[in-house]
Each structure stands twice: as C-alpha cells, then as structure tokens.
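So, here come the structures, one by one.
In what comes next, chain A is part of two complexes: it sits with chain B in the first one and with chain C in the second one.
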Partner chain A sequence: MDQTRRKFLKTMAASWGAGVATQLSAGNGSAETRKAARDSMLNDGTITWSKAPCRFCGTGCGVMVGVQNGRAVAVAGDMQNPVNKGQLCVKGYHLPYVLYGKDRLTKPLIKKNGAYVEAGWEEALDLIAKRFSEIRDEHGANAVSVYGSGQWTIQDGYAANKFIKGGLGCNNVEANARLCMASAVVGFVKSFGKDEPMGCYDDFEQGDVFVFWGNNMAEMHPVLFSRITERRRKANWVKLIDIATRKTRTSEASDSVLLMDPHSDLAIANGIAHLIIEKGQVNEAFVKKHCVFRADNEDIGFGMRGGKAYKKNEREISFDQYKAFVKKYTPEYVEEISGVPQGQIRELAALFGAPDKKVVSLWCMGANQHTRGTWINNLIYNIHLLTGKISEPGNGPFSLTGQPSACGTVREVGTLTHALPGGRLVANAEHRAFTEKIWKLPAGKLAPKPSNHTMSMFRKLGTGELKAMWVQVTNPMVTLPDLNHFNEGLKKHKPFIVVSDIYPTPTTAIADVILPSAAWIEREGCFGNSERRTQQWDKLVDPPGEATADSWQLIEVARRMGYGDLFPWADEAAQGEGLYEEYRQFTLGVGKDVATYSELKQARGLRWPVINGRETRWRYREGSDPYVKKGEEFSFYGNKKFGNRAVIWQRPYVDPPEKPDGDYPFWLCTGRVVEHWHTGSMTRRVKQLHQAMPSAYVELNPEDAREMGVSDGAKVKLVSRRGEIILEAAIDRRGVPKRGNLFVPFFDESKLINELTLDAHCPLSKQPDYKKCAVRVEKVTV
Partner chain B sequence: MYLIKWTWVPILLVLVGCGQGTETGGVEPVAREARAELRAFHGAPPVIPHGVRSEGRENCLACHGEGMQAEGRIVAAVTPHPTWFNCTQCHVEPLTDALFVANTLTGLAEPEIVAMPQPFLPPYIPHRLDNYREQACETCHIGTQAAINLRPGHGPRTNCRQCHITNYTEASGFGTGVAAFPPPSP
Partner chain C sequence: MPITSVVVECQQDQTHEVRRQVDNLPNTEITKIEGDLLVVVTDTDSQKQDHALVRALADLTGVISAVPVFTNCEDLAEGIGIAPALAEHETHAPMEV
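Our next item is the complex of A and B:
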C-alpha cells in the first residue's frame, strides 16, 4: 500500500467516524424530527394525492391525482384499484391537461343578435327556465327535452331524470349511450331479464380463450387488454381470437384472426351454435335446468325514416325447433356469407365447445352499433348458454362499455325515455307508483308511455315537433349519424338549444345558451363502469371562472320552473351525497344494490349488488351472488316469468339495409383511436395526444389502394348517398381493413365522417349502425 | 494491518463509493431537462422521440430491451417493463409540432436530486416507485444506458432497496398494498 493510498484511507476512516457520529446524533432525535427531515428532503408538502376514476372510457381505471397549488399537475395509475392495478393508457396518463385547455368555457354565454355575449348565472338560468316554461305551456311538456351522456355522473343523470320525468312530467330524457350501449341493454334484458354483465374483470386472469367480437380492445380498452395479454404471458396455453373486418392492434396480438365481411357476425355466431350442437358439446344439464328457447318476428325493418316498423311476436319454441333453425348455418354456408374460411369457424367452435376450456367473449361497438345489435348480443349469449360457460370465474360473455358511466348513470339511473331508476320501466304501473312514492309526487304524475328515443328526438328537432333541447356532456353535432340531415332541419326550425360543456364544440356552436361546466375532479361525483363497479371521487380542484356542476345547473332551472321541492339540497356540496343516497333507494332489493356513499368514499369502487358491504363478482351464481338461493346453482332471476331461466334466442342472419353496390362499392366503418376520447374536445387540447393523432384519415386495404392507384398519404374523396369528405389515405398503417372495407375515425370535428353515415338503427334497441354504410372512393388531384 | 487489509478495506471502499455518489450531487441540468422534454409531467410515460416505421413490441424491444449507447450518449433507454405487451398503449409518437388549442398547465416537475445531510447515508429515492417493477432501478441507474450522474458510486448490485428507501409513498398518501376496504368477496 503506497503512501497516498494509506493517507486517503486514514482520512476516509476519520470521516466515516464523523459520519457515524452524525447518524447517531440524528438517531437520538425524535421520530417526528427524523420524519420531518426526510419529508423536507423529498416531499415539499405542496402536492397531495387523491383517488378518482379516470374520466374517459368504461373500463373505469383508478387514478391517483396529484394536486399542487390548486391545480391537478400529475396522475398515476392507482395500484390499489383492482381494475387497472396501477396501469393507465396514454389518455389516462394525460388526464390533468384536459382541464386546462386555453379556451375553457368560464362564463355563461347567451346568443344575442347572432353573437355570444357573456352573462351572469342568474340571467342565463332565468332565460332557460322562461323559455322552457313558455314552450311547455304552449306546446306541452313533450316539446322540451334533455339529452345527456354516459359521461354524466350518477348525480347529474339522476337530477336530469327527476327534473324531466318527475318535474316536467314527460319522458323526453335520453343520453348518447343510446348511440353506444342500447343494443347491449336490450340484449341483456331479452336474454336475462336484467341489464349488465354477470361476470367481471376477474375473468381476465382465469379464462383460457378470449374471443373479440368486432372489438379493437388494444386501442379502445387498452388497460383491460393488457390484463389479457399478461394472462397469456403467464399461461402459455391461453388463446386470443379476433373476429374483425379490419386487422388492428388487437389482431396483431391475437393468435388467430377471423376476417369477416361486415354484418356476417350473425351467421358466424349461429354457425358456432350449430357446430356445438352437431358435435354433442351442449351442456345438456345446464340448458335443461337454466334455459328456455324463444323466437320473435324476423322481418322487422331497420328503423329508417318511413321504413317498416318493428312488431313484436315473441314466443317460446322447443330445443328441437331451435336445433332445426341453426342447422342451415353449416360452416360452408357461414363461409359463403362471412368470407371466413370454414376451417377457422370450426376451430373457434371447437374452443367454445371444449368442456375443459374457459371462454370469455368480449365485444363493444362492433356488436352494439349494428342494425341487428340486439340480435348479435343475444347470439353471443346463446353460445355461452348452450355450453354453460357463463357466470363462472373465467367463463362468460362480457359486454364492454364505451363511456365511464354509461352503466352507472344511463343504464342504472335510467336516463332513457323508457326507464326509471334501478332497472324500472315507465310503462309499468307498479314501477311508476314506487318512483312517485320516493319522489313524493302525487299518484299518476309520471307519464306512462316512453316518448322519444335519441334518434326520434333529433328527427323531431329537425321537423320542428320538438322545440327545446338541453345538451350536456356530449357533442351530437359531431356524433349523430347522417349529420347533414339533422343540420338542415335545425336551420329550418331553430329550436331553443342549451349546451353545457367545458370547451367550445360544433354543438355549442348551435346553442342559444352555453353554460360552463365543471369537469371531472372540479366537482364530486360517481361513475359506474363496465363490471358493475360504482366509484366515487371528491372535488379536488376548483372549476375555472364561474363553471358549475351539470347537476347544479339542472336543479337551478328546475327550481325556477317550480320543481324546487324535488331537490331539497341546499347547495352543490350537499347535492353530491344527497342525490346519490336518494337514488340508492331505487337499487335496493332489485338486484342492483349499490354501496352506500360512505362505503364508496373508502373503497376503490364496489361491484353491485353490494349486500352488507360485500360486493358481487359473478351474478346469477350460487355462492357468489347473494340473490341466488342455496341449491339453485344458477338463477337468472331477472327472468321470473320464465322460471329464472335465461333465454336462448332464435335470431337469423338477414342482409343489412345498405350494402356496397356498383355506385358505392366500399363498406365504411367508423370508430375511435387510442389517443382520442370520442370527439376529441378534451384530448385534442392535450399536446401529446393531439400531436400523436392530429387529424382523421381513411384506412384502405393495400390491394384496393393499388388497384385504384392511391398511395399512402394521398388525398381521396369518400362519397356516400348522404355526404362527402376529403381525407388522407392511410395504407398499411395501424389498421388494415379487409378488401372492400374502409375505416375512418370520428374524433376530428373538421372532418365530419358522420355526414356520410346512415341513420338506420336496430329496431329493438334504437341504436344506430356507425359501422356499415356504402361509399365510393374518388382520387383527388391536387 | 492484516485486519485492516481484509476487513476494513472493502467497507471503506463501499463508503468511498457512497461518498462519490452523493458528492456528484444533482443530475446535470441538461439531463433533467431532456427527461422533462419527453414527458407531460414527472411520472407520465415519455413520448417516442423518433419515427416508428413498424409497430409492435418486438420492434421496440430491439433497442429498448437492453438499451443502447453510442458515443457516450444514451440513444435508447431500457424499458422498466419489458414484459408488457402493448407499447403503444402508453407511448405515442408526435407527428406534428402544431397544437389544436394551447394548454395552460405546467405538469409536476421532475424531482431534484437532493444532497444528503450526511454524506455517507445511502441516498433516499427521491421519486415514486409504483409501476416500475421488473427492471426498476436498472432502467435509469445501472449499466451502460444509465446517465453518468445517475449511476451509483458502488457499481451494480442486486438488492437496491436494502439500503435505499423512499418515503415518497407514505408522505403523499399513495397506497401500494392491498386496499383495506372492502373485505374480499365470494
């Protein structure tokens, strides 16, 4: 050891001694002193973290929101939330920014002589109440309407429902969930007598086969998709099967892809049922004990203006009749209709039929936005019922939701024309009487007939029958199908329009009054996600300017119209818990028992029915669902009239209302992308999201593009019978459509693809089909 | 002398290492800014600072699985979660510099590296540890891909959290374990 080295070590030893001394002296200080020292080093104490559900999709991820100096400055995936276990998607990670776009609406605006003028709340609310009252008195309550959203909090939706049905005494309340989840609702009710899934996300860690029915889950429900790919990583026998009209990121991750022609899922599902029967793979014991077979009229139209109306003729059939019905859906016949090779159909049927494979089916808009949306929902249930693969860990059909509270608000609170809270119906006298009792209304106050579903509402705005509409948390002037048609009607009849939103949109542009809303954590609220989980959050930051909660706005107008008694809560702070706890009474004892407000405040959400503080993971199953009695095994207790049995429906393949032809040779499908939420009014104001996905485009199949001489990035014109649009061609980018198909995302308000779409809808659910219409592609010379 | 040589020297060398680690102090301002440049706030997933010709995990992992360094510069960071499947769930590539509408938020800043009050105390971890499970510390602190000023003075070891603790979680109300409520359901 040389001199220098020795000297160095000596010095080090000395300072080490000093270090020990310092540590010891620090160790002698109180625990508080030590903790304070650490905190001052690492956390300056200016940031606080609180839980909230994500603002965007129906997954319902938990986020921790970091607030510093009164502003949300960060989010992190909530590791304690079992939905996402700490993960988020790119939208969720950029949540704080959606609150701080430069053009936030901060004051009420009233249109005066063609220009928007800032107004105080008193003036704006008085004006709305006055115009609504005048229209009600002159044209009847049915001329006034509220159109909300699956992004309404439970409190907002409940206030709107009570205002319109309990106050005005009409049934003109609808929500954009009609455009997104109605087929899922009617599908559930037709098959099981009660809405919403029997299973839950826990199935994703237990299934062996995951089948995606027209569902690009990798982009639309990415966090749940990651749970499934993680399951496959840990269990190498797990298979992912994608049934799609376009190769997507979900297809990339899947083990096999069934590329089908649009609308042919009806044939594929029946074909699988046929093969299961043919191979003797029916779970006879389950079907015998827990299922019935039914059929309905098959020629029911497509909900077109002036088209054929749906007439119900539901009747019971025998298992043998059902077998005879599916017999024609041979793999050969299904291949002919769908273009899917019969070998693939046989493979998929074998997976469904294998007694030792647990199968989860997943779907969202592909099945729901479908002129036979209710039918395809039923047909997927048929397969799971025939095989008894339902309501069990890892086995079950799972209908995914698009919006954060399409389930919690629209479906459970019942902000639809036919519904009352807790799965009740306006057409049912007992249900009306129960509602009148809780709302303290005179008997007979509630209108006994549904009035207008969403499509009917907007059609009547366009014909002048509906005189007033209040739109909240949604952007119909981007999302309605066949937009040009509605625009023409609006221009002609000039109904009185109120829009509550947080940013200017094409919908605020048609408003007479614009109200600034508080968004997400700027007010307290609750959302209900796809797996029946109700989640609560507190107000964490102040809204900008004079913005207020949507529920407060509705209640203030209701008060001015003389319905103040319906809303006995003093202020916005009291309304959060007040509205929720009153709503909760509707859920008790009907199988939808939501948790108490104080339970929700503690929990990362709870899945109803919540009985004695315990949530339910698998409905209809003994031992898991407290509504199922001992010895019943399974009980589909929504179907009391069928002896608590689920219904296997006879639903055929029929041709869609518009198919490609010589003039319009392509199918057009519309949808979302991972970066943007719906119409982009929030996400486009986030730098990272907008820059990654700045504008809409059209995906073409590379073969089709080559035949037309269109190269990637070239401009093309899309023309349908209703409208036209110029877009950039995207060839071999993130999605590749099957030959003869196009895909255009709808987030871009400057490129309104819904000017081309068709307003045909499912006659049972009244949900339009945004996934299929006929267009042609023209080259554009620049 | 024998005792010093075989017993004390390794311990002293460790201490020397720790001393060096803390003496270098904060991250070079430029590194901290570069990190912030790619993120909306501290904790947000970085955007992809290069073109992506081919989507898919294998393509990303070709560089980001092991990390890459060229001419003393990090050209590809190591992913802290190499087993996750869907890279584009969180990481997106900017295709334009334009904005739709400007935004007024300044997100949470990248943390300062604080000097420790006692030079030989192993530094606390000045950031959250939530989702960075698998290659957690290695991602930024170990190996060729780690910036010089983020490397520990003591070289690579396996059990970082034997000595380095974070109090970030307890101080901020961040929960990481199983939530106490509700009780498990049937």
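Our next item is the complex of A and C:
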C-alpha cells in the first residue's frame, strides 16, 4: 500500500473513531464530528460503503461494509445505527474475513459411491425434488422435513415455511432456535399471550439495576454490555448483579455476584417474589389492574425418550394462594437449595422491591437451555409484574437472543412446527384459514396439528420414521445434545440428507447432497434482532462460484415438486422484496406490524409494531404502543382471554433429571466464547480468531483441581453416562466455575462436548438443557 | 496492511495513565480524547500484530473496554483466504451413513 493511500486510510480510521467516541459520550458538537466521519468515507472514491446488520449474534449491530473491486475490504461500526452507535465486537470486526475462507463451498456436491462429486444446479435440484417426492409419495409428507436456523434471513425462513406447510402440506419445519430460544417464546406466550420483549435496548440507558440471570453478557453480547457499563460510568448509583454458576468477565464488572448451584434459579426467583410480598413491596394497583394468577401441573417430566409426558392442567388461583405457595421460599430455604448466602438474596430482593429503583433483568441461554426453561422465564416475569417494573423506560425483563434472526425469522415468520407467520398457530382454524387465503391455497390444505419439534425430528431420523431432511444454515451434528445417540441412528437408517451451507462442517459430512450457499452480503435479506428491530441489507458482492441464496434453493426444489404457484417471483432479485412483502401481510393488525421493505431500505432498522412509519419502543404501554388505548395505562393485549392482563405463574423448584452423584460428581455446563460464534464454522476460519482461541478446554474450580492434583494445561478426561472426551484443563483463566462445576465451550468440532450432554428438555418449550448434566473427571496419564 | 481504529474507554480518573501506556505501545497513535474515551489508530504489518495490539489495549491497566470501530484489510485480498483452521482435525471426511 503506498504511503498516500495509507495516510488517507489512517485519516479515515481516526475520523470514524472520533465520530463514535463523540456519539458515545454525547458531547458537544457530536453531530458535526459524526458528519465529518461520514463525509470522509463518502469522499473516498475507491471504496463503496453500504449498511448491513452484523451476521453474528442477536444484538443486531449495524456495520458499514466497504467494498472495493467486488470484495468486502473494510468494515466499520455504523454510527447511524442506534443499536451499537458505531461500536463492534471482535467478531464483527472480522466480518469480511468469514466470506473468504479457502474452502468455501462453491458448487453443488452429490455423494456418489461414498465420495462427493461436483454437479450442476439442475442435477442437484432435480435429485432433491425427485427423492423428496418419492419419499412423500411412499411414506407421506410427514417423512420429509426442513431444519433451518435463526441465521436464515426472513426471506429464507418464509420460503421454507411456505414450501413445507403450504406445499407439502405438513408441519415438519423447525429451526435451531428451538435449541436456544424456545423457552423464551413459550415463557412470553404463557405470561403475556404474545412472544418477544416488551422493552428495548433504550432501557440500558435508563435502568438503575441490571440483573444478569445466568447470562455472561460481557462476552456473549459485548456491545450491549458496553452500553450498560457506559450507563454506570455516567450514573455511579447504577448496580450490576450477576447470578451465575461460574465467575466470568460479566462477574468482574458486576457489583455483586450470586454464585448459585445449577438449576436453583427457580428457587432464587421464587425467593425474591416471597420477600417482595413479605416486605409489602407489591405494586398492588398494578397487580390488581393488570395481572392474574395461574397454576399448572407441577410433575411434568423432562422430555426424556420414553419419559413422562406433559399434561396441561392450567387453572386460575388467587393472590393469597400464590402468596401461600411462595411462602416456603424463605432466604434460608433458598440458600439451602442454591448455595447463595441469604444476605445476597435479601439484597437482590430489596433492589427489585425498592420503588425508586428501575430494574432490567437480562438472560439468554442460561435460563432458556433449562429443563424448566419456560418456568424460569415466567418466574422472572413474576418479579417484574409483582413490582410493576415492566414496559416502561429502564424497567423490564429482557430476553436476549443468540442468533441474528432468531426473532425475525424463526419467531416472527413462524418456522416452527406449531407456528404460522405473525404469531399464528397451525392448531387454530381461523389462523389456518387466514394463511390459506394469503397463500392462495384451497381451504383445508394446511395440516391442523404440529408434527415434530426439533428433538422429535432428530429422534425420528434416528429411528427411521423420518426419511428426509434438508438442513440450512446450521450445524446440528455439533449442536444436538447426546450426539452419539443420533449418530448411531443415522448410520442405521440412512435418511436422505441435504445440507446448504457456506463451508464444510460435520453436518455436510453426513449429507447426500451439499448445496453452496450465498452468505450475508452476497445476497439481499432481512434479519430481526432481540429488540424487535427488523433490518434490511442489499446484495453488495457476488457469492463465490455458483453459490446461491437459501431461499432460491428452496423455491427451485418447490417448483420441481409442483409447488411453483406458491412462489410467483421470477428470480432471486425479485424474491427479496416479494417474499418479505407477502410475509408482512401476516404481521398487520396483530401487534407485530413490520415496516415496509422500502422503509427498511432507508432506515437502520425499525422496531415493530411500526404504524404509519413510527416504531414502538415499549410494548403494552399507553403512549408508546399504538395498540394500547387511551386510558388503559398498560394492556397485555395478547391475553384477551384474561382481560388483557399478564399472568403471574405458580412454578415450583424441582430437582433436575440428572444430578451429580458418587459416579459422576461434577455438574457440566456448556456455552460459548467471545472469539467464536456458535460451532465456529465461520470464525474458526479467521486465522486471528482461531489463534486467539484454538480449541475447546474445560474450566475447573481451582480448589477442585488442587484436590484432584490437576494443574492448568494438564489433560483430563470427562466422562458422562453418554460419552467421554479429553480436554485441556483451564484453571483460573477466563472463567472460574463454582466448586463442583465444570464449563466447556462447544465451538470446537474436533472436541464434541455434546457427545456427553443429556437430551432432556423443557416439556413446554421442548428446548434441551445444555447447562447441566453429571460427569466425572479423570486424570490422563501421558 | 491493517489499519484499525479503537475506542478505548478508561476508568474514571485513569485517562491520563492509560494515555501514558498507549504512548508506549508501538504502532499506535491517539487521535482524539473525548472525556474518558480515547480514539487510538493502529497501523501494523499483519493481522496478527493488529489483533495483538487490540488485545493489548484492552488489557491495559485502567481500561474498561477497547472496542474496534473501523478496520481496513484491503491489502489482504489473498491473505483473507485463510487456510481452514480445521484441516488438521480431518473431521470433514464423509461419515459412513
């Protein structure tokens, strides 16, 4: 690079940094500095800059992508995007790199005689359509399935949903969000009648107390966490409270850390509710006007193969019955279950109960990947409802998401077996009729019952009941719990598997057909983030080789199977807007009104419901949410059957299905690291990220390690009832588990920790619990 | 070669000390100070150096966070095509199913 060019780029970098710093500090002249930064970019004649949302987590940061000679060559945090205000995390900063790994899939591959052979699109698509049709005709539509992800664009998910439900006429479409967000969905629906948060990221600048429920936000949502630390920097009374089973970077930044035993969050939440009632801190006016109390069966099993099935017995209870129920969750009893000193429980309850403190609760996988995931979501809502700290600036429960469009695609488009777009249900006759009308289907075409949730789908692949699956944008052969079990079933029954992805993965390794996908800015699309913000981006560079958008692939197979009328758009260019605008019709009038495509092209995303171009920051609140009528103050209008009131649920603490014992004395928790995203199929191809975090490890508590004679860096073997793995011991490094606990990240496909995990799940949400099973540690002699 | 700008957030009353430490780091230039925030531009010869420098900024005493906000990698047109970090594991061989 010549010196003039280098100097120019440094000026641009400095200018952009100045703009972000000014934006963050909101100092004088910020608009002027920001404008200077933007102008410096626009004035560069060699790089074309365009907006896009980040490809990774559910935060939905805005990035500016610099394209030169058809390649992405630069990235900057988008100062105009209110989500990140110009900031990026280490993954976002490496975004362009994930497009250019040397082993990108560029041509369709068909397995012939045990080897993959390059094929043309016609041959590959014809083969998929032929095999799907044969299986449908021989075994019924329910033998065919599509399994996608929260990384699908809204367009991809909508095409998959329409193909399976409107074309094949079955409900075998699911997405990996079942593994990460299902408990949040069911939790929201059970408490409020509608999915997704009532609050938004603006709460982070207005809260006084931030409570992290099993949520290592500093590493998993670093840009949002920096908004919270910035809030504390400006307001020294702000408190951060970390409830966790291991100390992390979030703990380091927190004012108080409640180190709990796994699964005991259920008791802690009930204990806080009890103290709020006991201290007379219930917001009686709010509760009386806006809440009802309900209970359900408490012995509901754990979703195990051959285990007890959940049977619903929901019923109304009184406040006094609820009060009597939580009475046993005294601080002493909660300490006994959780190991958290009662003084800390009292302190946290006092913060929730203080009328002058605005409290934001935050959680993600720690609460959702839980055999009582729905319950713990409900229990957190209970606390906010009892105190009336909900749906107002700085006050509210906020469920974070892990994927860029788990909300936008899976939850809003409804790519789950029970769902139809816009929060509708396949089991509801009116909803099916509405969908048939939009999709121009004959009445009665849509199947009225949910078929297989994700765990059921993979269990049936393993038993041979499900004959075909098309996997897109996800890597289940790394992420499913109890992987050995599924592997054995696949080997035995040999289902027909199609995988669309951008790189080879352990999942492409089991495919009969591999399709090369266009990634991120190689096609246009939309994502929906954690705060109901829908964001659009244009195609900015060409995909490599013959790679194409996942939605195009689905539509081409649908056409070959006779479902072409469902997709009247001529080509990929027309599908972006066409699929979105058709989907949008499902959102209107039901409180989920997404913005028009043309509005999204201009904006840095808009938070639904968007009415007359105006977004909604706090749902269910008069003056903010256009669905709340004047004089209602609050209206939880998803719960019409309860008079637009939210539900405070009676949910007890119960023991988990597997606990440490003499043979397996440790708890195992799995999770992520800041350098890698999910299974690492993209970030492990970025040399710097790989070097920073090259392989999985196991974190041990230093005292446990000392007792076992295990030193940092030593190899140890973890053994569960389902599998075993050898890992390097990490002691006193990034995270420090509570005594008796271990932590292993799941990004490393060469060290599959999910061969040890348990496939128990929440019986309501069907979401597996990756956060706790029992293992033992054995020293490895070299 | 990579050019990156990083917004460094300092703990209260630590800005001066952080500034002193940044001045001692090679290939860095403080281009703006806004309250407790420093804008640091790095200019290194490789991605490895760039990445190490960003981490070093984050690890400085008195730093709350070091957030990259801009990076240019146009000289890495071929270098971006990193050989797969996973090749050594040979896990992509088709399973026998």
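One rule holds in what follows: the second predicted complex is superposed on the first by the 738 of 782 C-alpha atoms of A that agree within 3 Å, B and C clash if a C-alpha of one lies under 4 Å from a C-alpha of the other, contacts with A are read in each partner's own complex, and residues count from 1 in each chain.
As a convention for this text, contacts are C-beta pairs under 8 Å (C-beta built on N, C-alpha and C of every residue); 3 or more make two chains touch, one makes a residue touch a chain.
Computed from a prediction, not measured in an experiment: that's the story for all the values here.
Enquirer: Compare chain B and chain C by how many residues of chain A each one touches, and report the one with more.
Expert: Result: the larger residue contact count on chain A belongs to B.
Enquirer: Going by the contact rule set out at the top, does A:111 touch chain B (first), chain C (second), both, or neither?
Expert: In the superposition, A:111 contacts chain C only.
Enquirer: Per the contact definition in the header, classify A:80: touching chain B only (first), chain C only (second), both, or neither.
Expert: first
Enquirer: Classify the contacts of A:616 with the two partner chains as first (chain B alone), second (chain C alone), both, or neither.
Expert: Only chain B is touched by A:616; chain C is not.
Enquirer: Return first, second, both or neither, reflecting whether A:443 touches chain B, chain C, both chains, or no partner chain.
Expert: A:443 sits against neither chain B nor chain C.
Enquirer: After lining up the shared chain so the two structures overlap, which partner does A:570 touch, if you call chain B first and chain C second: first, second, both or neither?
Expert: In the superposition, A:570 contacts neither chain B nor chain C.
Enquirer: Mind working out whether A:309 is in touch with chain B, chain C, both or neither, as first, second, both or neither?
Expert: A:309: touches no partner chain.
Enquirer: Per the contact definition in the header, classify A:66: touching chain B only (first), chain C only (second), both, or neither.
Expert: Once the two structures are laid over each other on A, A:66 reaches both partners.
Enquirer: Please work out whether A:734 is in contact with chain B alone, chain C alone, both, or neither, and reply first, second, both or neither.
Expert: Once the two structures are laid over each other on A, A:734 reaches chain B alone.
Enquirer: Look at A:693 in the shared chain and tell me whether it touches chain B only, chain C only, both, or neither; answer first, second, both or neither.
Expert: First partner only.
Enquirer: Once the two structures are superposed, pull the chain A residues common to the chain B and chain C interfaces.
Expert: Shared contact residues on chain A: 1, 9, 12-13, 16, 22, 47, 66, 68, 71, 73-77, 86-90, 93, 96-97, 100-103, 222-223, 226, 229-230, 233, 503, 684-688, 690-692, 694.
Enquirer: Hey, which residues of chain B end up touching chain A in the complex?
Expert: Residues 4-5, 8-9, 12, 15-16, 19, 40-45, 47, 55-56, 83-86, 88-108, 111, 114, 116-121, 124, 126, 128, 130-131, 166-168, 171-179, 181-183, 185-186 of chain B touch chain A in their complex.
Enquirer: Using the touch definition up top, name the residues of chain C that touch chain A in the complex.
Expert: 1, 3-7, 9, 12, 29, 31-32, 34-41, 43, 47-48, 50-51, 54-55, 64-65, 67-75, 77, 80-86, 89, 91-97
Enquirer: Could you pull out which chain A residues touch chain C in their complex?
Expert: Its residues touching chain C are 1, 6, 9-10, 12-14, 16-18, 20-22, 24-25, 27, 47, 66, 68, 71, 73-77, 86-90, 93, 96-97, 100-103, 111, 114-116, 222-223, 226, 229-230, 233, 487, 490-491, 494, 497, 503-506, 508-510, 684-688, 690-692, 694, 749-750.
Enquirer: Going by the contact rule at the top, pick out the chain A residues touching chain B in the complex.
Expert: 1, 9, 12-13, 15-16, 19, 22-23, 26, 35, 37-39, 41-43, 45, 47-50, 64, 66, 68, 71-80, 86-90, 93-94, 96-97, 99-103, 218, 222-223, 225-226, 229-230, 233, 249, 252-253, 503, 599, 602-604, 606-607, 613-617, 623-624, 674-675, 680, 684-694, 734
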